[in-house]
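Two complexes come next, and they have one chain in common, chain A, joined by chain B in the first and chain C in the second.
Here is the complex of A and B:
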C-alpha cells in the first residue's frame, strides 16, 4: 500500500470512529436545546431534522435548574473536589514513602496496595454500607467522600513518578538539614505537577461518575449527587424528558472542563504516567 | 533507599488508615455477616454455611455466575483490543491528531449512569434514533436491550463505547514511550505492518497492557449501573450480573445473610483473579530495582 493511500485510509478510520464516539454526546446536547415536545418527534423516523434542530430553546435548562438538579450539581462538585484534595495529599504521602524509604513490611504493604486496586470498589459496597450504618455515617457527606480518598491506583501512580527522582537530590537536601516532611512538600511535590494533574483528573472523574455507592449510602434528597438525582428524576416523574436532557448535558459539560483544561499537558502527562 | 525509624510509617499512615477502615474491615464484615441469618423475630442468628448452601442450590445464582463470567471473558479482551487499535491509530503525530486524541476520550465525561440512560433511549425499538437510522437505510429494527439474545452483547458494546478511549490513553503513553530508534531499526530490517506490530510493538507493550488488563477487569467485573438502570437483569436473566444480584438480595429482598454471602463469594472470585494478576506485575518489579 502506498503511504498516501494508507494515510487516507487512516483518516477515514479516524473520522468514522470519532463519529461513532461523539454522535451520542452531540445528540444529547442538541436534544437538550429542543422544545420538550420536539425531542422525540424526529428520532424514530430518520431525516435531516433528526440531526439538526430547527427550533431552539433554553426552557429545559431553566426547568432543570429550578428542580433538585442545581443542588445535586453542587453536591457532586463539593464531593469530587474535596476527594481530589484529600486524595492527592494522602496518596502522594504514601507513594513518597514507598519510593524513598526502606522499611519493615514494605513488600507486604505494597502487595496490599496492589490488591486494593485490583479489587473492584463495588465488591465491598454492601458490607461498607453495613459499616457506615454501624458508625452512623449513612446519609452524610463523609460517607460519600472518605471511602474514596485512599486508593491503591493513585498511590501506585505517585510511587511510579517519585521513583524517577534521583536520590542525590534527597541526599543533598538531607545534608542541608531538611527533614523528610520539608523534602516532601518543598521539593518533591513542586516537581510533580503533571502527576498531580493526572491523579486529580482520575479522582475527579471517578467521583463525578460514582453512582452505585452514592445510591446505596445516601437516601435523602438533600445529599443526592448529580448521577443519582438524574436517575431518580427519571423514575419518579415518569421522565420529564426536557429536564432530563438538560440536566444530563450539564453533568457532561461540567465533566468536560478538566479534560479541556488539561488538554495541553495531555501527552506529557500520559508519558510520565506509564513509561517506567 | 533511605532508612528512618518512624518517618515512612508516618507517611503511609493516613492512606493505610483509609484502606483499613474502608476496604479491609468491610471484607471482614462480609465474611462475618454471611454466616448469620435473620429469623422471624428479626434477630440475627448464627447459621453457619446455610446461606452458602442455599446459593449453591439456587439455579438463578448459577445463572448469575455464568452471565458474569461470560461477560468478563468477552468484554475485557474486546475492550483492550479496541483501545489498542485506537492508540495505534492516533500514535503517529499528524494534522488534527490532538483533536482525535481528545475526541476519543470524550465518552469518559458521560458517567456510567448517564451512558446507560442515553443508550437505552438511542437503542429504543420505536423511538430510538439508531433504529430510525436502520429503517431509513432499509434494515429491520433491532430489539437490542429488549431481546434475550442481544441484551448482553449490547451491554458490552455500550460499556466499550464509554471505556475504550480511557484505556487508549494508557496504551498510547506506552506506545509513545517506545524509543524511535527501535522503530527505525525495524524498518531497516524490513519489518512492516502486521509483522512489525507482532514481533516488535507488542512485546514492548507488555507492561502497559498488563496494567490496563488489571485495571479494566477491576472496572468491568462488577458492572452495576447499566443493569440497574436499563435491563433490571432481564430479559429473562440475560444480563443478571453478580453485583445486581447482591444488591437485590440486600435492598429489594432485605435478605442480609444472602447478600453478604454473595459479597463474600464475589470477594473470593476477585481475590483469585487478583492473585493471577499480581504475577503480571512481578517481572516488572524485578527489572525495575
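Here is the complex of A and C:
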C-alpha cells in the first residue's frame, strides 16, 4: 500500500470515529435550538432535518436562564474550582509523604488509600450523610466540597510522579539546608506541572458531573449545582426537553473550557507515563 | 398623678412585652423542610404559597426532587434518623415500608376518614392506623391519535366503559398502524417497566400480585395469570412489534405519542393537559383502559400521599400543614394545578362541572369499579425494583415463567426481613 493511500485510509477512519463520537453532542446542541414540538419530530428517520434545525429559537436558553440554571452554573464553578485548589494541595502533600518518607504502617496506609477509590460511593453515602449531619454541614458548600477534597486516585497520581524523582536530588537539597516544606514547595511542585494539570482536570470534571451526592447533601435551591438544576427540568411525564437540552449544552460548553486549556499537559502526562 | 405600685408593675410588664414582641414573633416563626416531587414550578409553588399566606408564622423550605432519584435520596435522609425533612412526599404503596421502619408519624387524629375515598384511606394505612395523607389518586386511560386511526381506516375505541376494548382488539388495530422500520408504533405504555401500569395485565386474568399478608410473591406474581398476561405483553414487542422496545423513560413516551409516532398510549389523566398544551395540533381521543377478552377489567390506581417525619421537631407546624393541605379548598386548588383523580369527596362535588368530559367520566367509573391498588407490603420498594427488572427482561424476549419465578424467589427473600 502506498504511503499516500494508507494515510488517506487512516484519515477516513479517524474522521468517522470523530463523527460517531461527536454526533450526539452535536444533536444535543442543535436540539437546544429547536422549538419544543420539533425536537423529536425528525429523530426517527435520519434525514437532513435531523441534523439542521430549520425552525430556530433561543427560547429554550432564555427559559433555562430564567430558572435556576445561571446560579447553578456559578455554584458548580465555585464548588469545582475550590475542590481543585484544596484537592491539589492536600493530595500532593499526601503523595509527597508516601513517596519520600519512610514511616510506620506506610504500606498498610497506602493500601487503604488505594482501596478508598475502589469503594463504590453508594456504599458510603449513608454514613457520610450522617457524618455531615453530625458536624452540621448538610446544606452548606462545605458538604459539597470537603468530602471530595482528598481522593485516593489523585494521591496515587502524585505518588507515582514524586517517586520518579531520584532520591539523590532530595538528599542534595537537604545537604544544602532546605527544609522539607521548601523541597516540596520550591523543587517538586514546579516540576509537576503536568501532574497538577491532570489532577485538576480529574477533580474538576468529577465535581462538575456530581449529581447524586449534591442532591442528597443540600436541600436549598440557592445551593443547587448544575447537574441538579438540569435534572429539575425532567418531571415524571412532562419533561421540558428544550430547557433540558439548553442547560445541558451550557454545562457541556463550560466544562470544555478548562479541558482545552489544560489539554496539552494532560496529553503530556499520559505520554510520559506510558514511556516509563 | 400618683403612680401606684400596681400601675407601675402593669406598665413595666406591658413595656417589656412590647420590647420583646419582635422576638416573640420571630420565635414563633417556624420553618418546615418539605421534600416534594419534582413537578413543574407552576403546579407546585402556588399551592405552597397559599399555605404560607394562610400561616404567616410557618415558612416552607421547599425542595423538589427528580422522580428518578427521589426514593433513593429520601432513603438516605431518613436513614440518618433525625427530623430532616419534616414533611415528605410518599408514593402511596411505600406507606407501609416507611411506617414499619418508624419514618412516619401517625396521623389518625388529624384525618377524618369519612371525607376520603375508602381506597385512599386503605392505601394510607398500616397496621390499622393512618400514616400518610392522601393527596390524590390516579387513573389510567387509553389515549389514541384520531388522525392515525382515520388514515389506517380503523374504527377508534369507544369512550363507554361498557364497551371497552380488549387487549386483543388493541393489538389487531396496532398492527394496522405500526411501521417499526420508520419508528411509527401502534401502542405504548407510558411507563413501560413500572409495575404500577403493568400489573393489571395479570390481574385482568385473575392474578393477585402478592399474598394478602404482603410477604409472599411465589405462586402469586409467577402464577399462570401473570405468565400469560406478561407473555401477551412480550409479543407486542417481539412478535407483532406494535410497541417500541427499550423506551423506559417516562418522559419520552408521551413525547412519542405527542409527535404522532405512536397511535395509542395507556397513560394517566395527568398527561391530558400536557398533551393539550405541548402538542396543540395533536387530535387525540380517550377511551377506557383495555382488558383481556376472557378476563375482567382491572385498572391501576394509587398515587402521591405525603407524610410527616416521626422525628420532626416541629410537630405543631407539621400537623398544621397536614390539616391545611387536606382542607377542601386547598384540594380544589391542587386538583386545578395538577389534575390527579381526587381522593377527597368534596372535590368531586365542588368541581362537578369539570368532570363531565369523556376523560373524567371514564376515570370516575374506573376508580369506583375496576381500580386495584398496588400490593401493600413493607417491602414494596424492593418488590417494585425486582419486578421492574423482570419486566424489562420479558420485554426483550426472555421466558416469562422463568423470569417471574426467579423474581418471585428474590422478592420473598428480600421481604422476609420485615417479618416479625
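We take it that the second predicted complex is superposed on the first by the 244 of 276 C-alpha atoms of A that agree within 3 Å, B and C clash if a C-alpha of one lies under 4 Å from a C-alpha of the other, contacts with A are read in each partner's own complex, and residues count from 1 in each chain.
Keep in mind that, in the parts below, contacts are C-beta pairs under 8 Å (C-beta built on N, C-alpha and C of every residue); 3 or more make two chains touch, one makes a residue touch a chain.
Since the model is a prediction, treat every value here as computed from it, not as a measurement.
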Task: Overlay done on chain A, so just call it for chain B and chain C: clash or fit.
output: clash
Query: If you count the residues of chain A that each partner touches, which comes out higher, chain B or chain C?
result: B
Message: With both complexes superposed on chain A, which partner does A:138 reach: first (chain B), second (chain C), both or neither?
response: second
Message: With both complexes overlaid on chain A, does A:103 touch chain B (first), chain C (second), both or neither?
response: first
Task: Please work out whether A:232 is in contact with chain B alone, chain C alone, both, or neither, and reply first, second, both or neither.
output: second
Query: Which holds for A:126: it touches chain B only (first), chain C only (second), both, or neither?
result: both
Message: I'd like to know which partner A:79 touches here: chain B for first, chain C for second, both or neither.
response: neither
- request: For A:37, select first, second, both or neither according to whether it touches chain B, chain C, the two together, or no partner.
  value: second
Message: Is A:216 touching anything from chain B or chain C once the two structures are fitted on A? First, second, both or neither.
response: both
Message: I'd like to check the shared interface: which positions of chain A are touched by both chain B and chain C across the two complexes?
response: 40, 43-45, 125-126, 129-130, 212, 215-216, 231, 234
Query: Touching chain A in the complex: which residues of chain B?
result: 1-4, 7-9, 11-12, 14-19, 21-23, 25-27, 29-30, 33, 86, 89-90, 94, 98, 100-114, 117-119, 122, 126-129, 131-133, 135-136, 161, 164-165, 169-170, 172-174, 176-177, 207-208, 211, 214-215, 217-219, 221-222, 224-225, 228-229, 243, 246-247, 250-251, 259-260, 263, 266-267, 270-271, 273-274, 277-278, 281, 288
Query: Which residues of chain C touch chain A in the complex?
result: 33, 35, 37-41, 61, 63-69, 72-73, 76-77, 79-80, 82, 84-85, 182-184, 190, 250-252, 254-256, 258-259, 261, 267-268, 270-271, 274, 278-279, 281
- prompt: Which of the residues in chain A end up touching chain B in this complex?
  reply: 7, 10, 13-14, 17-18, 20-22, 24-25, 27-28, 40, 43-47, 50, 89-91, 93-94, 96-98, 100-103, 106, 109, 111-120, 122-131, 146-147, 149-150, 152-153, 155, 163, 167, 170, 174, 180, 184, 205, 208-209, 211-212, 215-216, 227-228, 230-231, 234, 244, 248, 251-252, 255-256, 259-260, 263, 266-267, 270-271, 273-276
- line: Interface with chain C, chain A side, in the complex: residues 36-37, 39-41, 43-45, 67, 125-126, 129-130, 133, 138, 212, 215-216, 219-221, 231-232, 234-241
